[in-house]
Amino acid sequence: MNATAARDRPQPILIMHQVRGGYGDADILQGVSLTVMPQEIVVIVGPNGAGKSTAMKAVFGLVRIRSGAIVFEGEDITGWSPDRIVRRGISYVPQVDNVFREMTVHENLEMGAFLSKGDLSAAFDRIYALFPDLKAKRHALAGDLSGGQRQMVAMGRALMLDPKLLLLDEPTAGLSPKYMQQIFQICRDVRDLGVSILLVEQHAKQALAFCDRGYVLATGANRHEGSGRELLDDPEIAQMFLGG
Amino acid sequence: MKKKILASLAALTLGGMLTNVPVMAQNAKVAYLVGITGPIAGLAPTMVQSMKFAAEQVNTQGGIGKGGKIDYSVYDSGCNPQLATDAATKAVNINGAIGMVGPSCSGEVIAVANSVTVPAGVLLITSSGTSPKISTLDDKDLVFRTVPSDDYQGRALARTLKAHGTDKVAMTYLNNDYGLGLAEAFSDEFKKLGGTITASRAHEDKKPSYRSDLAELAKGGADTLVIFAYGNSSGLTIVRQAMENGFFKNFIGADGMRDESVIKALGDENLKNYLVSAPVGATGAGFEKFSKEFKAAGGDPNGTFAATSYDASFLMALAIEKAGGDKAKLSKALREVGSGQGEAILPGEWAKAKQLIAEGKPLHYLGASGDLHFDEHGDVAGNYALYKVSGNAFVEVEKIK
Amino acid sequence: MASIGLINYATFMGTMIGIYGILALGLNVQWGVTGLFNAGIAGFFAVGAYLSALLTAPPSPERIMGWELPVAFGWLGAMAGAALIAWPIGRICLRFRSDYLAIATIGVAEVIRLVLRTEESLSGGARGITGVPRPFGGFEYSLSQFAYFALVIAVLLLVYWALERQLAAPWGRMMKAIRDNEQAAAAMGKDIAKRRLEAFVLGAAVMGLAGALYVHFMRAITPEAIDPMISTFLVWIMLILGGSGNNRGAILGAVIVWLIWSMSEFVTDQLPADVATQAKYIRVFLIGLMLQLILRFRPEGLLPEESGQRTSYRSPPSSR
Amino acid sequence: MIEFFNFYVVPGIVTGSVYALGAIGITLIFGILRFGHFAHGDLATTGAYLALGATALLGLTPWVALPVAMILTALLAYGIHRLFYRHLESRPKILTVMASLGIGMMLRSIVQVVWGVDPLAYGSGIARAQSFGGLMLRPREIATLALTLALVAALLAFLRYSKWGKAMRAMSDNPDLARLCGVNNDQVTRLTWFIVGTLAAASGFCLGINTELTTMMGWSAMLSMFAAAVLGGVGRVEGAVVGGLVIGLAEELSVLLVPSPYKSATAFVILLAILLLRPQGIFKGKVL
Amino acid sequence: MLELEGIVMAFGGFHAVDGVTLSVEKGQVLGLIGPNGAGKTTLFNVIAGAYTPTAGTIRFLGEDITRLRTDERFHKGLVRTFQIPHEFHRLSVLENLMVVPPRQPGENLFANWFEWGKVRRVEEEVRQKAIEVLAFLELTHVANERAGHLSGGQKKLLELGRTMMTDAKLVLLDEPAAGVNRTLLRKLEEKIQILNREWGYTFILIEHDMEMIAKLCHPVVCMAEGKVLTQGEFLDVRNDPRVLEAYLGETVTEERA
């Protein structure tokens, strides 16, 4: 059971190399490295305050990067502005405030395709196929939806531009187990459409069980990496979360 | 701290002072304080123009004393006491003005007189401060005005209306000292004569609509509306809205409403029943002469306070000539030229006046705005006329008292 | 002659600067130290001016009061009156966020102006109050001006000293703490609403005092004196230019802005006659432009707020 | 009864339309750029005078001059943003609020220098009303209402259906997320200023054509416009319209209750009440 | 000492704290752990008075304080720190401490004028105390720095220092270790222990650093999804399968089978 062998592909879609950085003066990231291969679901787990979300935001240009590099499909995107990164094919779903509450579901999706100039009907068909629940609610205000539905709106919005890489920041936070499984299932469906996914998860066990590969971060640096199964079975990981 | 202020003051004022060094020692320095900015800014340009016009006439007809000139400076008083006292202080202390024409609004006149000119012994003639309070200032006989106190005009208008058979009027007035003064005098006199004021309302200026006010005013059933406001401000809006909505048939105003803005905005064809009172010379000769000459110089003689401003400026020159340029004698000199005794001088007759003064003969000034006999308060009695609109101008209908 | 005139003018300017300096100090208590956006300075200024006038002026049949009290009572009354008016206003308005507080206080000043202008029996209405006595008013002009100037400067220095002392005391430290971090200050047991109200009322009282000094200088007051441009925005510009949070900055700002405001007339006088009238408006434009430039290039003002050292008014502990 | 409509309701609605057009601008700036724009009244004044300038210089009739003025004012609004406000974007918002107070003064003095301070009018003469079953309306009043309706409808449609309109709403709703969607902050800001300038010009023009043009008219109307914006709910265009009409009517009707000089205080009292009792306004706007 | 009974804190439909009942005894250092979003900080805010709970009562020293404002609770000896340091950034470090003591006579608007002697005396006491606290925290060298210029770790110490400036009975520490380097962390632990043992402070501590929890806390309470999951000794809590589940998520059996 060698995970790297099972998923051996020549060209990673995303490489994060020894990234240090943070907000203001403090460096939250103390050297984070990770890679994402095409059509792969990669999860970042780790104890609270490990810098998981910050690492993800660094990919999307929302964090000041002091050193290190971020390479997407062979191109160095370190320090790019978010809208340029969106155009380049990466979408990001923040953990909170990830929908336009005063706009309808349909308009939220439209905003996702803001940078697209073409006809959106195909994109809408694709998203509504992925999220049949949303189609029924398309004219409802996003602010009136339940948490799980909002998460779907947020994901749908991120997928409107047909990105190659989707970044999800704790997509299951605060959701019931039923929704959690649904979200994970959607992630798989999305991957099967050819999109790579990098996600940060609080629910480490479920996430590691469903992902292809995982990274464990602690205090802003890599601690472990491996296939989801490997990490799940590693007793050290549980220790890390609860100290000792 | 104080030293620092004074030092920086000295440094900064130097520039201003140097540029104001008198050209000739005999020049007489006069300050014109007008509310160029602020609420009566609309009236200011004409006032300034007529003041300057008077000074230019003096200067072109021999000037002051032996080869001197009226050296005037215009200051913005902003119709605001802080600004006016600042300007007056500059005028008196930096420029060395010995006489002041203005400031424009009654509040400023009071503040300037109290804190600058009276203490400094500077003669002040306002051409537009109409508040009765100016009469009673403790002014060491240094505060005069060429515009009658509102009291006279309001009463004269009331008497005239009553005499013309109007028994019932509604009244609206601007909520300032001008509007209030007129309204009080008018309603007091009108009621005394047995007339009825069906409704009386103060208003604030600068509101976009007065129709509800008008509706309230009209409830009493009067078909004449008396408006004490300015014709380039709320007065215009009120007349327009009253006409457009069919409130009232006749409109009566005081001098503030004798503003060409009204004709320009509403058209003379709509102003058949629009009558205004305004101060006028007893004979009318003064105004006619002024009117002709000022018009030729590009001015609007009918502009509100144009005539009074001219008179104030001209009187100041006469007083200076009479006093021989001595600041301390100005007040006495002004009383002499405004006494009604001696040979009459009409607007613009500077050369003649100069001659008479040189000969030591008595004279008195029959001004553009009236005969200008000062009473013990330094006020002038009002001579007024009623004006109607004809063509693009106000024309006199009759004299009123 | 010219030098006497110059001194007279300087004395007048100094007096006005002193009065505006006090206004700016009052605003500094509210904005600089506590962070309250009061755009209704004119209102408190007017309350102080009118009240002091009513207490000290001779009686008049058309309005109330006119008690002919000594001027000192007028000043104290002005402070107390402005504070009393500020109290309910602060109770209601201080909970708003800054933009709303600004518009609310503009409205308050407007209502105060309307009341003073309309209620003749209260304030003399549109005609205002005259015959207000001036200390040293009986002296000869120059001397009287100078004596009053000295008095105003003395009051300014007194207010400056008192406020410096108040701000250096634990009270001032607490107010700055509230301004810097309201949440933490609450967690440290400070009653935010009450303390802000205190600062608002204190600032208003100082503004009321400035109004009183003004009315006795002018010996009269009319509603025109409550002009938002002259009595509110000019003060703001003074404080911002001088440096909010710094009392000396407030005074410096008053000096500079009033000098520019007053002396710019000498410059506009030099323009050709046909544009001279319009040039008076350019003064207003320049003041507005000055504000833009300060905000852009030196938002902390000429004398920025000092860090803690000065307020720990004895030698720092490390040197003990 | 019909008199009540003719003399209270109709003028109230006409004035209300003016306030509404101004309040929309204030509410948009509040919602999208998150500060109170205190130069708004003077921007409206400037727009009205620009229309006057267009009638004088180009010989246009007022209603044709209006679009010209709208475009010029839009450019002016953008220029002000570019020259002054933009540099303060990263600073505390309160500095921009102060700057706008200064901008208001500057605009006013420019108008006073260029056009003087005498009241001016777009045309002379008076317009008698036509009776519609007793309801007296003047053509210019009908035009004012129609213009307001048309502009509001156009704006609402723009915000609802167009891509950039949605971007503006998105920006107002959740600026961070809008940026993540690739919405260019600067472009939305620019667009907002164009729209705000256009509406301000229309507001000033309607005020001018129904009364006279004075240099202080915008400043005097600003308190009412702010009250309207807050009353309707900050960020709510439809709220600003309703708020404007309510304030306009309330001012006219206040005459029945209090002496006329206190008319100016009506808007303030309503503003204070709404801030205290329902800060989110009628239409559930933002509570900033 | 502190008793929470059925505390519910709802934001709209979302129950951030969902029926927490908990009691803290005098002299304890109670550790509050749980995954992100468990409601720990919200519970702190409720205890400190930043939020009024939707339901439930808070009793402190036998008194119902549910409706009291933050500042009123402070005066009863209930003091908190913030996860993200809330220093008074334009005041000096020394002043940051000197602000804290409650009921300083100098805070009265008029006392500076009428009771100057008293003000000065108290001020001197407060200063001495602040100097002592600075020495204790080893921050003396930055006493006159603007607090805004301190490093993140120093700000954390300052947060702790502020709790020492008053007669605190119960101190709520929100993630004192976050963003603090190792050496400073040990120092922080040591200070907390001294405060607990020698000064008699009772603590409630939210912390993700399990070493710190293990070293300091007894008992440990684990929250998840707004509820108290379990409480007891650290090792027991840590080995509780439910706690592990809360942190790591449920074991997904079908995947592992």
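As written, the chains take the letters A, B, C, D and E, and residue 1 is the first residue of each chain.
Quick note on the criterion: a residue touches a chain if its C-beta (ideal position, glycine included) is under 8 Å from a C-beta of that chain, and two chains touch if they have at least 3 such contacts.
Just so we're clear, the structure is a prediction, and the values are computed from it rather than from any experiment.
Peer 1: According to the touch definition, list the chains common to the neighbour sets of subunit A and subunit C.
Peer 2: A chain counts here if it touches both subunit A and subunit C, which gives D, E.
Peer 1: Taking each chain's centre as the mean of its Cα atoms, which chain lies farthest from subunit C?
Peer 2: A
Peer 1: If I average the CA coordinates per chain, which chain comes out farthest from subunit B?
Peer 2: A
Peer 1: Between subunit A and subunit E, what is the gap in Å from one C-alpha centre to the other?
Peer 2: So the centroids are 33 Å from each other.
Peer 1: Taking each chain's centre as the mean of its CA atoms, how far is subunit D from subunit E in angstrom?
Peer 2: That pair's centroid distance is 49 Å.
Peer 1: Can you work out the whole-Å distance between the CA centroids of subunit B and subunit E?
Peer 2: Whole-Å distance between the two chain centres: 73.
Peer 1: Can you check how far apart subunit C and subunit E are, centre to centre, with Cα atoms defining each centre and the answer in Å?
Peer 2: 43
Peer 1: Counting only residues that touch at least 2 other chains, which ones in subunit D make the list?
Peer 2: In subunit D, the residues touching two or more other chains are 112, 116, 259, 261, 264.
Peer 1: Of all the residues in subunit C, which ones touch at least 2 other chains?
Peer 2: Correct list: 114, 117-118, 281, 283-284.
Peer 1: At least two other chains touched by the same residue of subunit E: list those residues.
Peer 2: Residues: none.
Peer 1: Applying that definition of touch, give me each pair of chains that meets it.
Peer 2: Those chain pairs which touch are A-D, A-E, B-C, B-D, C-D, C-E.
Peer 1: Please output the residues of subunit C touching subunit E within their complex, sorted ascending.
Peer 2: 165-166, 169-171, 173-174, 176-177, 179-181, 183-192, 198, 202, 245, 305, 307-309, 311-312, 316-318, 320
Peer 1: Taking the touch rule as given, give the residues of subunit C at its contact with subunit B in the complex, in rising order.
Peer 2: 1-2, 4-10, 12-14, 16-17, 114, 117-118, 120, 125-128, 130-131, 134, 140-141, 144-145, 153, 157, 214, 217-225, 227, 230-231, 251, 255, 259, 262-263, 265-267, 269-270, 273, 276-277, 280-281, 283-284
Peer 1: Would you pull the subunit B residues touching subunit D in the complex into a rising list?
Peer 2: 37, 41-42, 44-45, 175, 201-204, 206-209, 211-216, 232-233, 236-237, 240-241, 243-246, 261, 264-267, 269-270
Peer 1: Under the definition above, what is the set of subunit A residues touching subunit E in their complex?
Peer 2: 25-26, 47-49, 147, 170, 173-174, 177, 201-207, 209-210, 232, 237-238, 241-244
Peer 1: In the complex of these two chains, what residues of subunit D are touching subunit A?
Peer 2: Those residues of subunit D that touch subunit A are 163, 166-167, 169-170, 172-174, 176-184.
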